[in-house]
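Notes for the one structure printed next.
Labels A, B, C, D and E are assigned to the chains in the order they are written; within every chain, residues are numbered from 1.
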Amino acid sequence: MVSIDHYLVLATFMFLCGTLGVLFRRNLLMVLMSIELMLNAVNLVFVSGSRLLGNLDGQVMVFFIITVAACEAGVGLAMVIALFRRYGTVDTNFLRVLRG
Amino acid sequence: MNPYLPVLIVLLLGVGLGGILSGLAHFVGPRKPNRIKEEPFECGVPAVGEKDKMSVKFYLTAILFILFDIETVFLYLWAMTFRDLGWFGIAEIIVFLVVLFGGYIYVVKRGALEWD
Amino acid sequence: MLFWLILFFPLLGAFLNGLVLRKASPTVSHVLGAAALVAAFIYALITYLQFMGAGGQAQVITGIDWIDAGTFKAPFNFILDRLSGMMLLIITGIGSLIHIYAGGYMHEEKATYRFFSYLNLFVFMMLLLVLGDNLLVMFIGWEGVGLCSYLLIGYWYEDDKNAAAGMKAFLVNRIGDIGFLLGIFLTFKYFHTISFSQLKDMILTAGANLNGEQLQAIGWITLALFVGACGKSAQMPLYVWLPDAMAGPTPVSALIHAATMVTAGIYMMTRLNFLFYLAPDTQMVVASVGAITALFAATIALVQYDIKKVLAYSTVSQLGYMVLGCGVGAYSAGVFHLFTHACFKALLFLGAGSVIVAMHHKQDMREMGGLRKFMPVTHFVMLIGVLAIIGFPGLSGFFSKDEILWRAWTGGDSYHIQWGLGALAAVCTSFYMVRLLMLTFYGKNRSDHHTQEHLHETSVVMWGPLVVLAILSAGVGYLNVPHILPFPAHLLFENYLEPVISIPPLVADHWHHLHAEYPHSLEWAIMGVSVIGMAVSSIFAISMYSDGFGKLAQSLGSVFKSGHRVLSNKYYVDEFYDAYFVTPLRDIAQFLWKIVDVVIIDGIVNGVGQACMLIGGLSSFRMSGSLHRHGMVMIVGIVCMLSVLFF
Amino acid sequence: MGLTELIEVLSSDTAIQVIASIVKILIVLVLCLQVPPLMVWAERRAPAMMQRRKGPNRVGLFKFRLYGLLQSAADAVKLIFKEEVVPRGANKAVYHIAPIFGVFTAMMVACAIPYGNDISVFGQKVSLSPIHLDVGFLFIFAISSLAVYAVTLAGWASNNKYSLLGSLRASAQMISYEIPLGMSLIPLVVIFGTLDLNKMVLAQSAYPWSWGVVKAPISFLLFLVCMFAETNRAPFDLAEGESELVAGFHTEFNSAKFAAFFLSEYVAMFVLSCLAATVFFGGWQTPFIPYETLLSLLGGMEWLAALAGFVCLIVKAAFFMWVYVWVRWTLPRFRYDQLMSLGWKFMLPVGLVNLLVTTLVVAFIENAGRH
Amino acid sequence: MTQELVFLAFASLIAICSMMVILSRNAVVSAIFLVGDLFCLAGLYASMEAHFVAAIQVLVYAGAIVVLFMFVIMLLNLGPDQRKHLEVSAPEIGVLGLTIVGFLVIGGLLLLGQPTGVTGPLTAEAIDNAGGNTYTVGMVLFTKYLWPFELASMLILLAIIAAIVIAKKEHIKDGDKRRLAHG
C-alpha cells in the first residue's frame, strides 16, 4: 500500500532538486524553473494530504497555488526580459547590482 | 478498471507511433549527407545575419494567455456547479469577471495587443 | 435583501461620483447623487413598511464578521427597530429632498462631483451610525460623518477661512470623540459586550443584579458618552464649531448641520436610554447642559446679522432642547423634537439658501429686506418654517417643544430651573426668528441696485423640495398631540417609541413621574406660559423690525450697548478658548516640534541610520551581490530553523 | 497454465474491460491513420472540382483507378523512403522529439471522443470512447494544449530563423485561440451541466432542435472560427505563409518526420470536427430516431445500433472536414495583426458576453420551471 | 499492487525528470523535462482520485506556464550555458552538503513520524456519490473559499498589469547599457 510517506519523500526530493537548482544554476530562467519544481513539490504534498485527510481543501489550495504560480511566472519572466534588455544577459554571475 | 489505464495505453502507443515515424527514415531511407544539403533552408540565398531577437509581443500574448487560461478554468469549475450555487454563484462569477475585464481593458488600452 | 440596498445605493453614488465620473458634467453628478438617495429612500420606505407590517419588533440583521478577537466581538450587524427605522426615513427622505435642492444651489459650480460624492458618502455613514448594532459600528459612522462634515465645510477650500472652519469642526469633535471612545472602552470593560441588543437584554433582565461597581461604572460610561454627544450635537462647551461650520454650502448646513448629523448625539443617548436611566446624576448634568445651551445660543442669535449664523445658533439652541428632553428622561419627546426640527430646520436652511442664491451669495440681513415681492414661494415657506420653530399653536414646533417643556416642569423640583431656562430660550427664539423674517422679507429692500435688478424666485428644483418640507413642518406635529387638546389620536409618537424606551426596574421609582397623571389645568398653564411668551416677543420683534432697523431697534441697541457688544461677540467664548486652550497648546506643540522632534527624535533616528550606514559600509565587503549567495544564506537559516523545530 | 485457466482469466471482468479498451484504441488509431490520406486526396480533388480540372487520377491498383485515391498512399510510401536531412546546428534530440509531441497529443485526443453509446460485451458495460473520463472535456483541452510544443520545439530545433519565426507565430496563434475556444464551450457546460462528452450527447437527444447548435448558436460560430485557427488552416494559415516564411515551422523537416507532422495536423482537424459534431450536432445520435427506437428497429442488437451511431458521427465529422477544404479554397488569408485582434479583441469579449447571456437565460428558465 | 506499481513508475520518472531539469545545460531541454515532470505529477494526482487537479495540472502548468518559459527562452535566444561544468567554490560545497544532509534528515524524519491518519468525510466514494470530483471541488471553492477566489482575480489582474508594465518598456537608454555590471 502506498502511504503518505512515499509521497512526502518524493515531494522532499523534488523540493531538494528545486532548491539546488535555485542555488546553483546561474541562468535566471533556470532559477525560475527550479522554483516551479519547488511549487510542484508543495502541490504534491497538498494533494496527498487531501487524500489522507479526506477533504478537498488541499485540492482547492493546489488550484490557488497554480494561479499564484502562473502570476509568478508571468511577472518573473517579464522581469527577466527587462533585465536582459538592460544588461544583455540573464546570467546571475553578471547581475550583481546589489553588490556592496 | 481504472479509467486512466487507457490513457496510459494510448500514451504508449502514441509515443511509439510518433517514435516509429520519427525514426523510420533513419533506418529505411538512404543517408548521403553533404555540406550544402545540411545548410538551413533559406530559399537558396546564403544565410545572412544572426538569429533575430523576437518581438516581445509574443511574450505578452503568452502571458495574457496564461492568465485568461486560468480564468477559463475557473469558469469551467463554476459552470459545473452553477445550478447549485444559484444567483449567488452568478454574482460571484460576475465580480470575478468584472475584475478580470478591467485587466483586459487595461491590456487593450495599453496597446499590448497591437501587432504592427 | 432590500435592507442592504439602502446602504448600497448611497455608497454606490459616492463611488461613482467620486472615482468614476470625475469628468462628468454637474448635471450628471447631481442626477446620479439625487437618484441614489431617492432609490435609497424608496427601499427604506419599503423596508420600513414591511418592518412595521410585521409588528415593529426590533430585529438584528447579521452582516459579516469584522473584529473577532477573543471575547471582543464587533461584527457588522445592524439593528432595525422603531427608532432606527424612523431615523432611516428621516435621513433618506430629507436627504433626498436636499440632494434634489442641492442641484439647483450648486449649479454654477464646476466640480460638483466632489460635492455629491461627499454628500452621498455622508448619507452612507449616517446610515451606518444609525443602523449599527454595536458601539463600534456606530463609532465608524460617527467618525465617518465627522469626516464628511469636515470635507464639506471645507468644500470651498481655496478660501482659508473655510478650511479653518472645517479644521475647527474636526478638532472640536475630536474632544467629544475621546469621550465616546472612553465610553466604549468602559462599556466593554464592565459588560463584556458592546452590542446594543445584548446590552439591553443584560441591563433589563439582570437589572437587579447589577453590583455597585457596575452602577458606578454606568455613571462614568454615560458621562463619557455624553461628552461625545456634546461634541457631535454642539452642546456647551463644545458648540463652537457649529456656527463656523456655516462656511460650507447651504445644503450641507441643512442636511448635516441641522437635520441629521448633529442629532447623532441625541440618537445615541436615546439608543442607550436604559443606561442613562440608571444614572440619574448624569441625567441631571445632561438636562442642565441642554437647558443652558438652549438659552445661551438663543441669546447670541438675538443680535446676529448673518442669516445663516442666526439659523446656526438657533440650531444649537434647539439641540439644547432635545438634550434637555433626554435629560429629563423624556426620550420620546426629545426624539420627537429631533424629528420636527429636522423638517423645519431643513426648511429654514434651504429657504435661507434660496434667499442667498437670489442675493448673489450675500448673507447679511442688513442688505436684504422686502424680498416678499420677489420671492413669494420662498417667503411663504419661510413663514411656515418660522411659525413652526417659534411654536405657533398648530404647527409642529408647538407640539414638540411644549412636550419637552412640560416634561421638564413635571420632572420634579430639581428641574424647575431647567424649565425656566428653556422657557426663556423659547421667548428668545420667537424674537430672533421673527426678526429674521422681518429683516429678510418685509420692509424696504436695502440691497444695492445691481442685486436688486436680478432678484427673482429660484427654480422649481429648489422651491419644490421647500414646499414638501413646508407641508411636513406644518403637519408632523399632529403625530404627538397631548391629551388635553381635542384631537382624535393622542401621543401617537410616544406610543410608537414605547418599545425602545425602557426604564430598568431598578430605577423605576426614580422616574415614576414620567407616567404619573397630572391635572389638566397644570398642563394648560405651562402651555399658556409658552404661548404667551411667544406671542409677546413676536409682537415685540415685529414692532421693532417692521421696517428694517427702526428707531426702536437702534435706541435699544444704544441703551444696552455693553450687553449688545457681548452678545455680538458671542460672549467672547472663542477668544477665551483661544487664550486659554489654543495658544498654550500651540506653544507646547511648537516645543515638541522644534526641540523634541527635530533635535532629539530626528537626532536619534538619523544617528541610528548613520550608524547603520557606517556599519554597513564596514561590512559590505562581504556582500557579493550574488543571488545565490543570498539564497544559500537563506537556506542555511531555514535548515537551522527546521532543526530547532524538530529537535 | 492450461487453456481453461487462460480462458477463465481472459473472461474475468477486468480482463474484458482491458481487452475491450485495447481493441477500441487500436480501432481508433487505425481510423486516424486513414484520415490524412483521405484528406490529402480530398484536398486535391476538391479544388480540382472547383477549378474545373481533373486533379490526380492516375495512380490505381491494377486496372482500378479509384478516382486517384491511391495517389495519397503512394505519397506516404514515398515520404517514408526519402532521405532524412538534419540541418546543421540543429539540436538533435529536440529535433527528434518534436514530431512525437504532435502525434501522441493528436492520438490521445482522438481517443477521448465518444464514438457511440455504451454497449454490453459479455455482460460488461463498455463505453465506446476509448478514454472515458468524468472530466473528458478538460482532458481534451489539457492534452491538446500540449500540441503547441510540437510546433514550438520543431521551429526552435531546426536552427532556422524562418522556422523559428513561423513556429512562434503558429504557437502564438494557437494559444491565442485556445481562450475563445474554451470560452465558446463553457456555455455548453452550463446548459448540459456535465463535462462528460457522452452525457452531453445523451442530453442532446436525436432531435435537431435540442442540439447544442440550436441552444448556443453564437458558441457554435465562435467554435467554428477557433477550429480553423487552432489547426493553422486557411484562412488562418499564415504561420506557413510560403511567400515570407518558406513553410513555417516544419521547413526543415522531411521524410517520415514531415509525414508525422502531416498526420498530427490532419488528426487534429478530424478531432475538432468530431468535437464540433459531438457538442453541437448530437454526436452519434441518429437524427430524428431516438436511440431506443433505433435499438428496437434493429431487433435489440446493440452493436448494430452502435455502428449506426458511429456512421452518423463520422458523416457529421466528414461534413466539417469538407468545410475545412471548402473554406481553404474560398477565403483569402488574414494578416497577422488582423488574426490577433480578431482573437483577442473580438472573439474573447463576444465569448464572455455569450457566456453571461446564456447563463442568465438558463438561470431564468430553470427558475421559471421550478415554480 | 497496481497502485504501488503506478506510484513507483511515476515516482521514478518524476525523480529522473526533476534531476534532469536542474542538470541539463540547455534551457529548452530543461523545459521539456519540466513538462515531463508535470505530466507525471498529473498522473500521480489522477491515481489519487484528484481528477480535476490532474487536468488543471496539464492544462495550465504544462500547457500554459511552460509554454511561456519556452517563449521567453526563444525570445532571448540564449545558447546553452558556456561553462563545461558547474563552478562550485569551497563554501558553496559546504552549503550544498548541508542542504542535502538537511533534506535527508527531514525526509528521514518524515518517514519516522507516522501521520495520525485523521479521516475526513470526503473519501473517494463519498465524492463520487456527491457528484464527482470536479463538482465537489467547485462547491468547496465557490462557498468556503469565496474570498480567496475573488482575491485570485485581483491577483491575476495585478499580474497582467505588472507583466505588461515591466515587459513593455520600449526604449533603453545607451547609458543604461554602459552600466552593465561585471562580476
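Rule of thumb we're sticking to: a contact is a pair of C-beta atoms (placed from the backbone, for glycine too) under 8 Å apart; a residue touches a chain by one contact, two chains touch by 3 or more.
Predicted model only: the values in this text are computed from it and were never measured.
Engineer: Quick check: more C-beta contact pairs in A-C or D-E?
Structural biologist: Looking at contacts between chains, D-E has the larger number.
Engineer: Which chain lies the greatest distance away from subunit B when centres are computed from Cα atoms alone?
Structural biologist: With centres defined by C-alpha atoms, farthest from subunit B sits C.
Engineer: Tell me, please, which chain's centre (mean of its C-alpha atoms) is farthest from the centre of subunit A?
Structural biologist: Here the answer is chain C, farthest from subunit A.
Engineer: Any idea how many Å lie between the Cα centroids of subunit A and subunit E?
Structural biologist: Each chain reduced to its C-alpha mean, subunit A and subunit E end up 5 Å apart.
Engineer: For subunit B versus subunit E, what separation do you get between their C-alpha means, in angstrom?
Structural biologist: Each chain reduced to its C-alpha mean, subunit B and subunit E end up 17 Å apart.
Engineer: In whole angstrom, how far does the Cα centroid of subunit A sit from the Cα centroid of subunit B?
Structural biologist: That gives a centre separation of 21 Å.
Engineer: Could you pull out the residues of subunit E that touch at least 2 other chains?
Structural biologist: 52, 56, 59-60, 63-65, 67-68, 71-76, 92, 95, 99, 106, 134, 137, 141, 152, 156, 159-160, 163-164, 167, 181, 183
Engineer: Could you list which residues of subunit A touch at least two other chains?
Structural biologist: Residues 19, 23-24, 26, 66-67, 70-71, 73-74, 77-78, 81, 93, 95-97, 99 of subunit A each touch two or more of the other chains.
Engineer: Going through subunit B residue by residue, note those that touch at least 2 other chains and give them in order.
Structural biologist: Subunit B, residues with two or more chain partners: 4, 7, 51, 54, 56, 58-59, 62-67, 69-70, 76, 80, 104.
Engineer: Which residues of subunit C touch subunit A in the complex?
Structural biologist: These residues of subunit C touch subunit A: 616, 619-628, 631-632, 635.
Engineer: Could you list, by residue number, the parts of subunit A that touch subunit E in their complex?
Structural biologist: Residues of subunit A touching subunit E: 1-2, 4-10, 12-21, 23-27, 29-30, 32-34, 36-37, 40, 43-44, 47-48, 50-57, 59-60, 62-64, 66-71, 73-75, 77-82, 84-90, 93-97, 99.
Engineer: Given the complex with subunit E, which residues does subunit B contribute to the contact?
Structural biologist: Touching subunit E: residues 2, 4, 7, 51, 53-54, 56, 58-60, 62-67, 69-71, 73-74, 76-78, 80-81, 84-85, 89, 92, 95-96, 99-100, 102-104, 106-107, 110, 112 of subunit B.
Engineer: For subunit A, which residues are in contact with subunit B within the complex?
Structural biologist: Listed in rising order, the residues of subunit A that touch subunit B are 66-67, 70-71, 73-74, 77-78, 81.
Engineer: List the residues on subunit D that touch subunit B in their complex, please.
Structural biologist: 14, 17-18, 21-22, 24-25, 29, 80-89, 96-97, 99-108, 111, 130-134, 137-138, 158-165, 168, 172, 175-176, 178-179, 182-183, 186-187, 189-190, 193-195, 246, 251-252, 255-257, 259-260, 263, 336-337, 340-341, 344-345, 348-349, 352, 355-356, 359-360, 363, 366
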